[in-house]
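First chain A sits with chain B, and in the next complex the same chain sits with chain C.
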Partner chain A sequence: MIVLIGFLTLFFQILMNIRVSLLTLKKKVTISNFNYLVLIQFLLLFISYLSLSYLFLTDQFQVAYVALHSNTYLPLVYKLCAVWGGHEGSFLLWMTLLSLWFCVLWFKTKDCSDLFRVVLARIFSLLLCAFGLFIFFTSNPFLLLLNPPTNGADLNPLLQDPGMVSHPPILYMGYVGFAAVYACTIAGIISRETQWLELTRKSALIAWSFMSIGITLGSHWAYRELGWGGWWFWDPVENASFMPWLIGTALIHSLMIAKSNKHFIPWVALLSIFGFSLSILGTFLVRSGVLISVHAFATDPARGVYLLSLFVFSLLISITLLVVSLNKNKLIDEWKFDWSITSLLIANNLLFIVAMFVVLLGTLFPMIYMVLVSKNLSVGPPYFNQVLLPIFILLMMLMGLSIQFTRHRSREVIFRDLVQLILAVFMSTSFLLLWGGQLKIVAIISLAWPFWLLIIHFDYLKNNQYFKWSALIAHLGLIVTTIGIIMSTLYSDERLISMKLGEQEQIGNNTLIWQHATKINESNYNGFKAWFLIKKGDLLIARLNPEYRIYTTSQSPLPHAGIASQWWGDYHLNIGQHLNEGSWMIRWQMKPFIRFIWYGVIMMAIGGFIGLRREYAK
Partner chain B sequence: MLNRLIILIPIFSIVLSLSAVMYVALSMDPTKIESPLIDMPLPIFSKVDVLHPKKNVTKASLLGKVYLINVWASWCASCQLEHHNLLKYQKQYPFKLVGILYSDHISQVLPLLVNKGNPYSALVDDPNGDFTIKLGVYGTPETLLIDENGFVMKRFIGVITDHDWNDVILPELKKSANTNDRLK
Partner chain C sequence: MLIAFQLVIFVVALYMILDALNQNINLYVTPSEIKLNSVNANKVFKVGGLVKLGSVWNKKLTTFFTITDDKSEFNVQYQGVLPGLFREGKGVIIEGYFLEERFIATNVLAKHDENYRPLGSNV
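And now, the complex of A and B:
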C-alpha cells in the first residue's frame, strides 16, 4: 500500500513537471496558475520520500531497496538514514531537495519579471523531469521482490555512523544548490532580468556554504571511521565534491565584480554553468563505475549513459546559449592587468579554475588512460599535493595582496608591509614555542603565511569603516584551516605498539596505560571496548576508548578509533589485530591541530551564510 | 555572430571527445589485458622484507612453489578494495603473497595492515619504483602469478576479482600443491 503511494506520487510528480514545462512553452502564460503546480509537485515528491522512509522504518523487506540496505537490528535512526544509503534513495533525496529549491525560489521571485519566472520554472521542471525519468527507469527505489527475504542485508558497517545522519543530505543540498544557481543564471541570461545577479549570489552562497559543511563532515567522518588518521584521500568521490566547491568559490568572488562591472556577467554565467556541469559529472563518475573508488557503490552502465548524456546536453546547450546571448565580447577586449582589486579578483578566479582542472585531470586521467592505452592505473595524492600546493600558495598570496591593495601605495605602506612580515615570522615562532613543539625551519616559514594573512586582515579591519563581515570570517576560516593543515602535516606522531591488558608503555613524555576492557553487545555489532589512560608524569591528560567491533550481519571486524581531543589536537588509538595470548597490536597517533582544519571550513561556511544578509550594491 | 560561433567549435569538440572517452570507458572492463611479460623469467632480485627486517626476499628463496607478487600502495583506492579480497582468499586457501609497495611510506602502510589485516607473507619497499619498473609493472594495483621455476604465468592488471581467484589462481595453487605432495 505504502509502496504504491510512494510509487504513484513519484509518477504523478513527473507528470506534473512535464505539464509545468509544457505550460512554460505556451505563448501566453498566466503566472498565477503556476503557484499551485509548483507547490503540489513538491508535496508529491515529499510524500514519496516519506513513504520510502516509512518502508524502512517498518522493515518492509519485500521492497528490494529496503532489503538491500536495511536490517531489523539496525537502530532506528540508521533506518531513517538508510534511505540515502544506496543509489536509488540518494537520488530520491536529491530530487526532493531540488524540488524544494524550486518551490523556495519560485515564491522568492514574486517581484521579478514574468519572463524570468517562466524561464526559471521551465529549467527547474525540465531538470526535475530529467531526474524523475532517470529514477523511474534506471533506479526505482519502489521495486518489489518476488521472494522477500526474512531479513535485510544490512547497511554497510562503514555507513553506520553519526556522519551518515548529516553528511549526505547537507552535501546534496550543496550539489542541488548548484542546479539552482544554474537555473537562475540561464533564466537571467534569457530574460535579461536585472535581479538575477542578486538571486544567483544568494543561491551560490547557500550552495557553497552547504557544500563546505558537507565536505567537512565527510572529511571528519573519514578521519574517525576509516581509522588511518588521514582527513583527505583524493578519492574520486571526494574530488567530485571538491571541483564544484572550487568553482563555487571562484563564482562567489566573481559575483562581487559582476555587480559593478557588467562585462563580467558572461564570466559569472560560465562559472555557474561549470558548477552545475561538474555536479552532474561528479554524479556520473561516482555512480557509473568508470572509476574505482573506496566509496564503491553498486554501479550500472545504463545509469552512466543517462547521466553522461545529461551532462553533455546541459553543458553544450547552455554554453551555446551563453555565446549567442553575448552582446559583444568586451571582457577580453577591454581588460588589462593593473594592480586594482578587480584584476586581483580575476587572477583569483583563474587560479581557482586552474586548480579545478588539475583535480579534474587527476580524476579523469586513469579513465582516459584506460581507454587510450588499455591499461589501468591510479593517480594518487603525490600528484595532487605536488601540483596543487603551489597554486594554493599563490592563492593565499593573492588574498593577502588584494586586501593590502585596497589602500594607497606609499613608502610608509611598504615599510609597514615589511614590519608585518617580520611580525608574522615572530608570531609563528612564538606560537610554536607556546605550544611546546620542536622548532623546525619549515614550520616557522610555512606558519608565517597564515599569520601574515591574519595580521593583514586585522590591519584592514582597523583602517576601514566599512568592511564585509562575511568575507572577513570566511578568510579567517581559511587561515585557521591552513594552520591546521600545516601543523598536522609537520608534527603528527605515530607508533605501533604491542600491548596486553594492564600494561604500560612509554611514548615520548607520555605514558599509555591499558586499564581494562568491557564487552559490547549492541544490536548491530559486538566486540569489546578498551579503556586507556594517557599520563604525563602523574598528570592525567586523556582517557581513550577505542573499540574492536564485529558487525553481526556481515561478520566483518571494523576497529573504531578512540579519540581524545585537547584544545590543540587529537590523540588517536586504534586496536588492530590480535597478535598472541592477549596481546594486541595498538596504533597510537598524535595529530596536533587537526581539528582546526574542520573548524576553519565551518567558519568559511558561517561567513557564507552571513553574506546572505547584505547586498553588495554600493 | 559568426566569430562568436567559432568559439563554440573547440568547446564542443573538447566536451564531445571527453564524453566519447567516458562512453567507451563505460563499456570497458578495466581488468582484462594480456601482457608480453607472460612466460618470461623474473629478474633476479634480493630485497629486505619489511615485515621481518632480518630476512631477505630473493628470487631463489621463492622458487619451488607457485606464488603471487602484488604491487600496491596505501594511496591507491583500488588497492583498498583488493586488500579486502586478498584477505578473504588467504582465509579460504593460504598461499604465498609477496607485496611490493610502490612509491609509498612504510609509516602509512603498517597502520593499514594492522587495522585491516595483513594478507602478505613478505613485503618489499620500493619507494622510487625501480624494482616495480624492472618487473614491467606500470600502475597499481597489479599482480603477477609466478610458477615454481620463477616464470611469470599470468598478469592481472587492476583489482583481483573473485573470478580471477576461482578460475585462474586457485586451480594453479592447488595443482602446484598436488605436485609437491607427490614429489615428497
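And now, the complex of A and C:
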C-alpha cells in the first residue's frame, strides 16, 4: 500500500512537472493559476519521500531497496538515514530538495515579471522531469522482491555514524542550490528581469554556504572514521564537491560587482552555468560507478550514460543560449589590470577558475586515460598540493590587497604596508611561543600570511564606506582555516606503538597508559572499548576511548578512533591489528589546531548567510 | 608585447601543471605486469592483487606479506595500521616503491564491495 503511494506520487510528480514545463499564459490563465501546481508537485515528491522513510522504519524487506540497505538491528535514526544510504534513495532526496527550492523560489518571486517566472518554472520542471524519468527508469527505489528476505543486508558500516545524519542532506542542499542559481540566471537573462541579480546572489549565497557546511561535515567525518587523522584526501568524490565550491566562491565575489558594472553579467552567467554543470558532473562521478570509493554505491553503465548526456546537453544548451542572448563580452577585451577593485576581483575569479580546472584535470585524467588506453592509473595527492598551493597563496595576496585598497585607494603607503608585515611576523612568532611549539622558520613565514590578513581586516573594521559584516566574517573564517591547515601540517606528530593492556609508553613529554578494556554489545556491532590516559608527569591531560568494532551483519571489523580535544588541538588514537600475544598496534597522533580548519569553514558559511540580508554601509 | 608576455605566463603555468601531473601519476598494475617491465626504483606503483594464503607475519611493528595474482608474486613490507578488511586470500591494493626486490608499501587499502565486504575471494 505504502509502496504504491510512494510510487504513484513519484509518477504523478513527473506528469505534474510535464504540465508545468508546458505552461503558457493565455487570457484566462494567469500566473497565479500555477501556484497550486507548483505546490502540489512538491507535496507529491515529499509524500513519496516520506513513504520511502516509512518503509525503512517498518522494515519492509519486500522492497528491494530497503532489503539492501537496512536491517532490523539498525538503530532507529540510521533507518531514517538509510533512505539516502544508497543510490536510489539519495536521488529521491536530491529531487525532493530541488523541488523544495523550486517551491520557495516560485513564491519568493511574486513581484517579478511573468515572463521571468514562466522561464524559471520551465527550467525547474524540465530538470525535475529529467531526474524524475531517470529515477523512474534506472533507479526506482520502490521495486519489489519476489522472495523477500527475512532480514535486510544492513547499511554499510562506514555509514553508521552521526555524520550520516547531517552530511548528505546538507551537501545536497548545496549541490541542488546551484541548479537554482542556474535557473535564476538563465530566466533573468531571457526575461531581462531587473531583480534577477539579487535572486541569483541570494541563491548563490545559500547554495555556497550549505555546500561549505556539507563539505566540512564530510571532512570531519573522514577525520574521525576513514582518514586515520587526515582531513582531505583529494579523493575524486571530494573533488566533485570542491569544484562547484570553487566556482561558487568566484560567483559570489563577482556578483558583488555585477550590480554596478554590467560588463560582469555574462561573466556571472558563465559562472552559474559552470557551477550547475559541475554539480551534475559531480553527481555523474558519484553515481555512475566510474569511481571506487565509499561514496560510490552501485555500478550501472545506463545511469552513467544518462547523467553524462544530461551534463553535456545542459552545458551545450546554456552556452549557446548565453552566446545568442548576449552581446559580445567587453569585459575581457577592455580589461586592463589597473589595481582597482574590479581588476583585483577579475583576477580573483580567474584564479578560482584555474584552480577548478586544475582539480578537474587531476580528477578526470585517470578516467580519460582508462577510456583511451584502458589502463588504470591514479593521480597522487602531491599533484594537487603542488599546483594549488601557489594559486591559493596568490588568492590570499589578492584578498589582502583588495581589502587594503578599499581603505587607502592608492599604492603610496608602502611604509604602512611594511609596518603591517613586520607586525604580522611578530604576531606569528608570539603565537608559536604562546602555544609552546618549536620555532620553525617555515612556520613563522607561513603563519605571517594569515596574521597579515588579520591585521588588514582590523584596519578594514575602521573603514566606514565599504564595510560588510558578511565579508569580514567569511574572510576571518578563511584566516582561521588557514591557521589550522598550516599548524596541523607543520606540527602534527605520529607514532606507531605496540602495546598490551595495562602497559604504558613514553611519547615525548607525555605518557600513554592503557588502563583497561570493556566489552561492547550494541545492536549493530560488538567488540571492545579501550580506556587510555595521557599524562604529563602526574598531570592528567586527556582520556581517550578508541574502539575496535565488528559489525554484526557483515562481520567486518572497523576501528573507531578515540579523540580527545584540547583548546589547541586533538590527540587521536587508533587501535590497529592484533600483533601477537595480546599486543595491539596502536597509532598515536597529535594534531595541533586541526579543529580550526572546520571552525573556519563554518565561519565562512555564517558570513554567507549574513550576506543574505541587504547590507548597507555601517 | 603584452600579448607575448601573457602567452609566456600561460605556457609556463601550463607546463608546470602538466609536469606536476606527470610526476604524480601512479600506474595501477598487477604483480605479473611488474615482472615484465624492468622496475624503476624511484617510481611509485599502485599494485592490485591478493594477499597470499599463509604469507602474513609480523616482526615488531612491521608486517610482511606476499602479494600474488596466481601467475606472479613478490614480497611486501609495511609499517602501519592495516585496514580492517585486510585478510589472507582477499583483495588488496598497495601503494609504494621497490627497494632491492622488496616492495615497501606506504599505503595499504583493502578492496571491498559497496556493502563493505571484502572482495576477491573467488579468484
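The criterion applied here is as follows: the second predicted complex is superposed on the first by the 590 of 618 C-alpha atoms of A that agree within 3 Å, B and C clash if a C-alpha of one lies under 4 Å from a C-alpha of the other, contacts with A are read in each partner's own complex, and residues count from 1 in each chain.
Everything that follows uses one rule, which is that a contact is a pair of C-beta atoms (placed from the backbone, for glycine too) under 8 Å apart; a residue touches a chain by one contact, two chains touch by 3 or more.
Nothing here was measured: the structure is a model prediction, and the numbers come from that model.
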Chain B versus chain C as contact partner of A:Val324, first or second or both or neither: first
Touched partner set for A:Leu316, first chain B, second chain C, both or neither: first
Contacts of A:Met585 with chain B and chain C, given as first, second, both or neither: both
Contacts of A:Pro157 with chain B and chain C, given as first, second, both or neither: second
Contacts of A:Ile368 with chain B and chain C, given as first, second, both or neither: first
Partner chain in contact with A:Leu308 - chain B first, chain C second, else both or neither: first
First, second, both or neither for A:Asp235, with chain B first and chain C second: first
First (chain B), second (chain C), both or neither touched by A:Pro382: both
Touched partner set for A:Ile257, first chain B, second chain C, both or neither: neither
Common interface residues of chain A - those touching chain B in one complex and chain C in the other: 228, 296, 375-378, 380-382, 496, 559, 574, 576-577, 585, 587
List of chain A residues in touch with chain C within their complex: 68, 153-154, 156-158, 228, 296-298, 354, 358, 361-362, 365, 375-383, 386-387, 496-498, 551, 554, 556-559, 574, 576-577, 579-580, 585, 587
Touch list for chain B against partner chain A, complex: 4-5, 7-8, 11-12, 15-16, 18-19, 21-28, 30-31, 33, 73-81, 103, 107-108, 110-112, 114-115, 117-118, 138-141, 157-159
Touching residues (chain side chain A, partner chain B) in the complex: 227-229, 233-236, 284, 288-290, 292-294, 296, 301, 304-305, 308, 311-312, 315-316, 319-320, 323-324, 326, 329, 364, 367-368, 370-372, 374-378, 380-382, 494, 496, 559, 574, 576-577, 585, 587
Residue numbers on chain C that touch chain A, as the complex places them: 13, 16-17, 20-21, 23-28, 44, 46, 58, 60-61, 63, 79-82, 84-86, 112, 114-118
